[in-house]
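Here it is: the structure, laid out below.
A, B and C label the chains in the order they appear, each numbered from 1.
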Amino acid sequence: MTPLLKVENVSKFYGNRIGCEGVDFDLYPGEVMGIVGESGSGKSTLLNCLAGHLTPDTGEVRFEMRDGMMRDTVSMSEPERRMLSRTDWAFVHQHARDGLRMNVSAGGNVGERLMAVGARHYGDIREEAVDWLGRVEISESRVDDRPSQFSGGMQQRLQIARNLVTGPRLVFMDEPTGGLDVSVQARLLDLLRGLVRKMGLSAIIVTHDLAVVRLLADRLMVMKDGQVVETGLTDQVLDDPQHAYTQLLVSSVLQV
Amino acid sequence: MIEIRDLSKTFTLHNQGGVVIPVMQGAELTVAKGECVALTGASGAGKSTLMRMIYGNYLAAGGSIVVNGVDVVRAEPREILALRREVLGYVSQFLRVVPRVPTVDVVAEPLLAVGVDARAARARACDLLARLNIPERLWSLSPTSFSGGEQQRVNIARGFAHCYPAMLLDEPTASLDATNRETVLSLIEEAKARGAAIVGIFHDEAARERVCDREIDVAVYTPSMAGAA
Amino acid sequence: MSNYNFAYLDEQTKRMIRRAILKGLAIPGYQVPFASREMPMPYGWGTGGVQVTAATLTPEDTLKVIDQGADDTTNAVSIRKFFEKTAGVATSEETAQASVIQTRHRIPEEDLREDQILVYQVPIPEPLRFLEPSEVETRKMHSLEEYGLMHVKLYEDIAKHGAIATSYAYPVKVEGRYVMDPSPIPKFDNPKMEMAGIQLFGAGREQRIYAVPPYCKVVSLDFDDYPFEASKADHACDMCGATDSYLDEVIMDDAGGRLFVCSDTDYCAGRRRAGHVGAQGVALAEDAA
């Protein structure tokens, strides 16, 4: 099996400050990787470098294109990269309003990516949108409502539907359950797990919530001050952390 | 099936002055197909630690643990995950599941993960839940709200759903009544009969006598604290 | 002759605007930024169109100005007078007589010829603006041909109204490349944009000029199952009986009396001169008497 994503020596600096530095890893098809660390650890910077929202100062982010060729997404042209982000990638923002068009109906939000890649049949687009709303447990009767009329959990599920409708192969998630009630979180996590398995998605999830990565991620990357301090199988890193910082992180979690 | 050579384990407590605690040294263990080996030793001797290392949950400091040709000590996360999916089952003492998921799906999940179709997986799950006397009205509920004994049985059903070639059992009969204990022991015997290599911790001596072929006292691999200091 | 430079603007400014016009013609549908000048009229009254007209006019031209199809509204009269005074050009209310036609919100019913130029007044040149507020982002979307959003707007129309309810400023794709706002003309006029004349668009406040050269392909966006329809009121003109022209609905009294009349006053008058009479109309000779 060949990796879907090969990340080599990715660094991003903000002036003299380090955003993230020298990050390397391979992500294989179907793998879900969690990136944990406290605020300012560089995990979001890294995610944005990988997803093409930021240009890294060093390194390569090589992605396996549909023709099987590995292409560096950092040096490819912007139109190509933007095309990838509409077809092969998905990005789930922490705040649904960053990832949704709040003045466009739920159906229009889900349909946008389809129309962006050339769908021109209203009936088909709508059918697909309704199907996806169903998959994220939003009733068909809400298809013409705007996201501003939705609860936080529903907005987040709508954002996921909007992202997954074009069948991406790699999903970037930035604190997907942040700011949601725990009961809503559980439902969302269950949904994400199901979708990841059914669609064979690869995903990179940035979060500071260790319970979220335990449930969703196969493997874990722990970051501190822009550096990767530990990587490994998720349960191994959480149950037998090797690095001082990871031990501190794990032991700081409140037990319920 | 399972081959352990010169295995060692230390815990380094960075946040407690960097204390290094050696917990295992030079552990050796070979388990053949169809064989069940019991780990014995006093509490704290390292039985659970060894089980967790075999499962890849704890990181070994040295040595090798080869399960079905994969060295767990050196394998990539995805190789370990594939091993856990296809080859190596683990029945722990605690059930850890996503909230909200119905019991029958919790049990069927390992089968779905290896590509068994949903109907067959559910049928097998129902069969196991029935054998373990989980009332049918509970199958559609999440096990998170069940009693400890019920959760334990759901956990066992899940662990035995897929016919793993190798299994780790951590106190599988603890806190079970006679009927359910009998069911679990026959599940273990059936697994052995189909050729599964099993490593287990059994405080229940009668159970150990019945299903285990050998015993290994892990205390012999515990480094003396004097030597470690 | 007045003391104004020909057509009000100084020669340097007109040259700058002509460069923008030429660039616009070279890249059909592309919005060319230009340094819009202060004009002696408020924004929203056609400052963009006026600057384009000023840069286009020659002393030999005949100018026609229409506002919603009519030659006799305040806006049309003012602009016509403005150029009579500052350029001294001939003016006409007849479409066929004019070499330059400045328009607000309509395309004349009569087909334009290759020697005619149509100048549109444009309030908001960016068709993506209502869904994407960032100019940086909309420019990027144009340059990368990311036009999915335009269809989102049409999708929303159908979802809300059961049909594409956008009835004016209906977005078009020019020569298979740029999506363009045709200015707030009724969508009835959209098919006319594939014409022999040159079409220039000026947005004064937004400082953009764009153009459609003669015989360009201009396609109104739509869905396969909701095709574009150039609709108009299902009625004939009550004055001249025309069934092929865009109509204004005029409420006549408090009892609900109404009159449908051609919005293109020149077209209507021409038909009446030719003897056509609508349901509520009277023969022209009598009318004049």
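FYI, contacts are C-beta pairs under 8 Å (C-beta built on N, C-alpha and C of every residue); 3 or more make two chains touch, one makes a residue touch a chain.
For each chain, UniProt lists the protein as follows: A = Putative phosphonate transport system ATP-binding protein; C = Alpha-D-ribose 1-methylphosphonate 5-phosphate C-P lyase.
Please read all numbers here as calculations on a predicted model, not as lab measurements.
Novice: Connecting every touching chain pair, does the picture come out as line, ring, star, complete or other?
Specialist: line
Novice: Compute the centre of every chain as the mean of its C-alpha atoms, then state which one is farthest from the centre of subunit C.
Specialist: That would be chain B.
Novice: Mean of the CA atoms for each chain, then the mean for all of them together: which chain is nearest?
Specialist: A
Novice: Indicate the whole-number Å distance between the mean C-alpha point of subunit A and the mean C-alpha point of subunit C.
Specialist: 46
Novice: Cα centroid separation between subunit A and subunit B, in whole Å?
Specialist: Computed from C-alpha means, the inter-chain centre distance equals 32 Å.
Novice: Where the centres are mean C-alpha positions, what is the separation of subunit B from subunit C, in Å?
Specialist: Computed from C-alpha means, the inter-chain centre distance equals 77 Å.
Novice: Which positions of subunit A touch subunit C when the two form their complex?
Specialist: On the subunit A side, the touching residues are 78-79, 82, 86, 101, 103-105, 107-108, 111-117, 120-123, 125-126, 143-144.
Novice: Quick check on the complex: what are the subunit B residues that touch subunit A?
Specialist: 11-15, 52, 56-59, 77-78, 80-81, 98-101, 112-113
Novice: Looking at the complex, which residues from subunit C come into contact with subunit A?
Specialist: By the definition above, subunit C touches subunit A via 131, 140, 144, 146, 148-149, 151-152, 155-156, 158-160, 222-226.
Novice: Going by the contact rule set out above, which residues of subunit A touch subunit B in the complex?
Specialist: 28, 31, 186-187, 189-190, 193, 197, 215, 218-219, 232-236, 239-240, 242-244, 247-248, 251
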